[in-house]
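Chain lettering (A, B, C, D and E) follows the sequence in which the chains are written, and residue indices restart at 1 in each chain.
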Amino acid sequence: MSLKQPDPKTRRLVLAAAPWLFFVALILLWELVCRAFSLPEYVLPAPSAIVDAFFKVEFSRWMTHLWATLRVALMGFLVSILVAVPIAIAMMRSELLTRTLYPLLVVIQSTPVVAVAPLIIVLMGSDDPSRVLITCLLTFFPLVVSTATGINETPPELIELSRSLDAPTRRETWQIRIPYAIPYIFTGLRVAITLAIIGAVVAEFVAAEEGLGYFIQFSTSFFRIPQAFAGLFFLAVVSLLLFKSVQWTQQIFFPWSLPKK
Amino acid sequence: MHKRITRSFLIAASLAGGLLSQSALAADKVVYQLDWLPGGDKSPVYLGVQEGFFADEGLEVRIANGRGSTDAITKIATGQADIGSADIASLMAAKAQDGSLPVKAVYSIFNRAPHAFFTLETSGIRKVTDIEGKKVATSPFTSSNAFLPLVLKDNGLEEDAVQLTKADPGALGPMLMNGGTDAIIAWVTNIALFDNQAKTTGNKLVVLPWSDAGLELYSSSVVAAEKFLSERPDVARRFMRAYDKSLKLTHDDPTKAAEALHTMVPEVDVDVAVAQIGDSMKLIVNDVSERDGLGALTEERVALTWSRVAQAEKLAGDALDPETVIDRTLLEAL
Amino acid sequence: MTGTATNRSFVRLSGVGHRYDPDPATPMAVTGVDLDIQRHEFVAVVGPSGCGKSTLLRMISGLLKPTEGEVSVFGRPVDGPRDDVGIVFQKPTLLPWLNVRKNVLFPLKHKYGRYSHDDEKRAGELLEMAGLESFADKMPDELSGGMQQRVGIVRALLLNPDILLMDEPFSALDAMTREQIGFDLLRIWEENPKTVLFITHSIAEAVLLADRVLVMSKRPGTLLEMLDVDLPRPRTRHTISEPRFAELTERLRKHIYEPEAA
Amino acid sequence: MSTPLIRNERFVQIAAPLLVGVLVLLLWQISVMAFDVPKYLVPSPVDIAESLVTDFSSLFSALMMTLKVTFLAFVISVIAGVAASLLFVQSKWIEVSLFPYAVLMQVTPVVAIAPLIIIWVDDTTWALTICAVIVAIFPIISNTTLGLRSVDPNLLSMFRMYRTSRWQELVRLRIPGALPYFFGGLRISSGLALIGAVVAEFVAGTGGAKAGLAYMILQSGYNLQIPKMFAALILITLTGIILFAAMVWMSDRALRNWHESALKVEH
Amino acid sequence: MTATKVTPLNPVPEPETEPSVAEAGAPSRPILQVEGVDKIYGNGTVALKGAGLTVKQGEFVSLLGPSGCGKSTLLRIMAGLGEVTTGTVKWWEQDYDVVGSKGCKLAFVFQNATLMPWARVRKNVRLPLDLEHVSSSESEKKVDDALEMVGLKGFDESFPRELSGGMQMRASIARAMVTEPDLLLMDEPFGALDEMTRNKLNDDVLKLKKENGWTIVFVTHSVYEAVYLSSRVVVMAARPGRIVDDIKIDKPYPRSPDFRISTEFAGYCRQVSQALERASGMGESKENC
């Protein structure tokens, strides 16, 4: 019983530092490998070349592309919330609807969006609405599933309370069920936000004049691989930030919905 | 100080003027559909916009990117674009399968096949027949794929004489340089691009154009929606007039065209674009254009093109009257 | 077996039974319950798990329609959720996104969509009575289980119901808290008399709190026994060590373990 | 059973979605006919069915190619994903250092990296497989890691009390305990492997004559054989649904002894 | 104790006294010695302060106290599952290394049954033997015996989910039994069960203790349960967790359910309740029970 507990403070510090140290080591290794084997840029550009390429592109261009992607991703994200939540509520209300709608949703989910994207562009035009639709097709399914799960997790006692008060269904939905679904909705939102970015990029690959996905495609078609990598990393950082901001939103506005420590 | 005030006044005035002229004249809107991403070979339309040739004709042109000729044709057919560039071969093949397709070719851009094998000097491939048994990579979207069997057959090779791989167009160059493939199929318009890459890796690029191997046909053309031609014939005429002018200016001043493209699409380097224009012009201004004129669609060469397309797509020779995809009224009005 | 029916009966169950599955081959959850509860009587129901205690409670609340027999309150049959019933559940089931005060006011907000200043005052008074006034602005997860359940009781009292239905309200609490909150409930009940139906699986708790203890049999649930608890009120911690208390609990225990012998 | 069919729950469960499916198809057919929609835009279900029959051989070989990539990717995802999870639970350091890269892989659109992978990997089949793995592996890693970590702490205490080796702890406790989570990941991952294979083929191309369904879509789109394109699309969707159903069936069989409450795993 | 004497409803036959190991005259050997144990968590919470307790052969010691008094922490330390910040713990007068060797076996029963959901009852019960690499022929016999003793014979091929809460707990006890432990540590084992099941299992534990000669340390919330089962009730207070009272329940084993209604029982309950009340009053915050 003489075992000493490790100092928790040091442990926390090292745990926080580890990923960064690893990251730096990885970048260094990468740079080294590129230089040691003098790999051509189109095979694997060195980190320095990527950073270089990043700063060669004007900042305002980056912003233009970022805004184009972000606009579509966020619009798709919002629209899919507006679509998914009512569907989930409707599915809660009717068992038959759930049985009928669910297979349909699975069919939509199982159809690769890349394959239908060109069709959507052809049918709806190559403007924002069709890009938003492509994004929605990718994002709304996880949202429907998580919201529906959350709504069904409402304690039956509260539903009984509501019924014993003879309250209108509308209030049962908005004052009990939806708030109860919030932790689940956020789980879905975290998945959906990264899918939204992916959706926006897919749409840009099919038809676009600007956006990060278009930028990457353009760079590869002109064999500017470091620039493509720079775009790719920019995109990944943006996705991670969006993912984090969903978490922050939950922490700030719905602190009660976070799991208890 | 004084100078600056004058300048801002001028800007304001021109802005106001622009607004006025717009409200007074309400320019006709035209959507021009590219069959691929912007590049030097697509620069004439950008030059036309930048030089104001379209504006002079009272047109406001929006340019949309595309993903292959069929994509462009479909978008034009469905009314998402009025006019654009696409391979006439794709148009013929499509029309042969669905006679109702409401798209017509109005102007030939490339009067020669742009398709070619690109290989490195080290591969030992010097002529088309050397390709036998080699690994060849191509892009899934290109119309070249359909003509490959013809070229092989013309040169006494079997259809499966090459190991064909399809890869993203952006990956073709690196694959070639990397040794991932012995040769690639690309357009001669991109010689400069691949050549640069070959040089940085200490290689020398060898280009084997299919037109030299017996493939004679029209290729990239201006195609337009029938609705556009019938409902707004005057707009179409004005558009082609400005386009023709732009194309000629592009030929005369490639740098200006490249700069115009760069202004509108900053991602494109001027140098690369100039080189691309240079390569493309060989397909536009050459002995054929000498003989028939720029943009011409002669009955004989249209028929020749169709026979090749029919062979390539394994269609019956009478599946299409090739003249039904052609509308020469705009050419005549130039 | 049944209590003497008098015309003062407040809640009356006559031949009440319920079957969840409409298929007549399946067993009844509850069957043949005859019961009269006087106004302001505190009645406890004990029985093994799954004996239909909760079903009985839901039928009195109007949430569940009996498939046989009839429930009536003050002479009028119950045919739907009633305004004059407050329910306390096994778990506190507070809304985690509302503070204690708003949780207490929730039934009003939920029923009418709003509440007045007077309602807020009343909620404050109720919280004070339950010794929770200093916790009114706390969130539920900042409260211990016992306090959460107190909030649950206060919430049930907000609409000033005539009948308070409690479904094993303390079973999730530890023994000490449970005892304390039991006494709190008695105090509140003595200050605001209500008709209480209290479901529990603890015999000691039932004897400690109730005027009358009903014993239910295993499925299909039916009333086996009724025991008047003649322990004096107010009841305190010392009641537990009264011999009479031990005697009554033991008698009940016998009824439950060996119903035939009793 | 004397209950009329309409009251039979099982029947309604199957019939309702079927009915909706048939109605959707009918509506589609009628509107295509009524509005005279050109074939190159949207073909009618009858056209698609016809193409499914006449082009069956080419569609079937394409399907086989796509399935090959999908299964390769799925198997690799499962093996590599489980291996990664096992590595992660060995030490917190490894997990915090490596997990961000798993997330990074998840947030990076495969459409954007597929061309690069094609450059790196000679063999197209393997290049496609790698793309599909990138798409499919994350749910397996995250779910399995979560499962290996969420062991009942009391059971873990018990193992510690009997001074069990790490290996025994892993084999007897962590791995069986992680199964419901693992199967949850498997369900998501199977679909993603298919989508990954299709997306990769879509942007990156395909190997020679062995073209998959995505290339079939591209090719028939290019040739304006739209019914064939839709037929290929439908084959992909069907494959996805069958894969999903197979996974659900498999996890139900493997986990039927678990109490339901143990099965609430969502990615 | 001034409880009025009443005659029980059914006159209880005087139970024959079981000569428990502790009283059998044999030198009652200390099995567990806890001395001056402090436990401070990483965040600074003092879970235990100066805890000292000796458990002798054959004793049944209950740890009773308000939530947060550290009784579970103490029990886990007794099981060697938690490290102490200061102080010493001895098992059979030796260090932890001895635990598990012959005659020094520990077993732990948790608040929840903590069965492995993927394994049948038999395999769950056999687990400790498997972990100790006991041969299968030997372990099968032990498992059968254990299952028989807890009354789960015939349920050995069931899955945990097919059993009721009480039966799951029985399986958990059977699992603790198979290694024939010399010290049984139970952490609120019946807290999640309803009162009737709980009473039944209490009697079962007493019966098993008699048959196996167990020494038991038992954490509980319930005064009644503690008094009914134990030979000693150790009362703890919270913030910081510490031992404040040690009450001997001088009622020989075996005990029958009639003990519950005896005046004696009521008296002990009152005594323990009062100690508990005092302990609760000692904490910093009275409200947070």
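Convention: a contact is a pair of C-beta atoms (placed from the backbone, for glycine too) under 8 Å apart; a residue touches a chain by one contact, two chains touch by 3 or more.
Because the structure is a prediction, the values reported are computed rather than measured.
Least step count on the touch graph, chain B to chain E: 2. Counting contacting C-beta pairs between every two chains, the top pair is A-D. Among the remaining chains, the Cα-based centre furthest from that of chain E is the centre of B.
Here the CA centre of chain D is 50 Å from the CA centre of chain E.
The geometric centre of chain C is 33 Å away from that of chain E, both derived from CA atoms.
Mean C-alpha position of chain B lies 39 Å from that of chain D.
Listed for chain E are residues 80, each touching two or more other chains. Residue positions 42-43, 118, 122-123, 217, 220, 225, 228 of chain A each touch two or more of the other chains. Looking at chain C, no residue sits in touch with two or more other chains.
Residues of chain B that touch chain A in their complex: 37, 63-67, 71, 74-75, 78, 80, 168-171, 173-174, 177-178, 193, 196-197, 200-201, 266-269, 272. Residues 152, 154-155, 157-164, 168, 172-173, 176-177, 179, 257-260, 262 of chain D are the ones that touch chain E when the two sit in their complex. Contacts from chain A toward chain D in the complex involve residues 14-15, 18-19, 21-23, 42-44, 96, 99-100, 102-104, 106-107, 109-112, 114-116, 118, 122-123, 145-146, 149, 187, 191, 194, 197-198, 201-202, 205, 213, 216-217, 220, 225, 228-229, 231-232, 235-236, 239-240, 243. Looking at the complex, you find that chain E touches chain D at residues 76, 79-81, 100, 106, 108, 110-112, 114, 116-119, 127-128, 130-132, 159-161. Taken together, the chain D residues at the contact with chain B in this complex read 38-41, 114-116, 118-119, 122, 124, 203-209, 211, 215, 218-219, 221-225.
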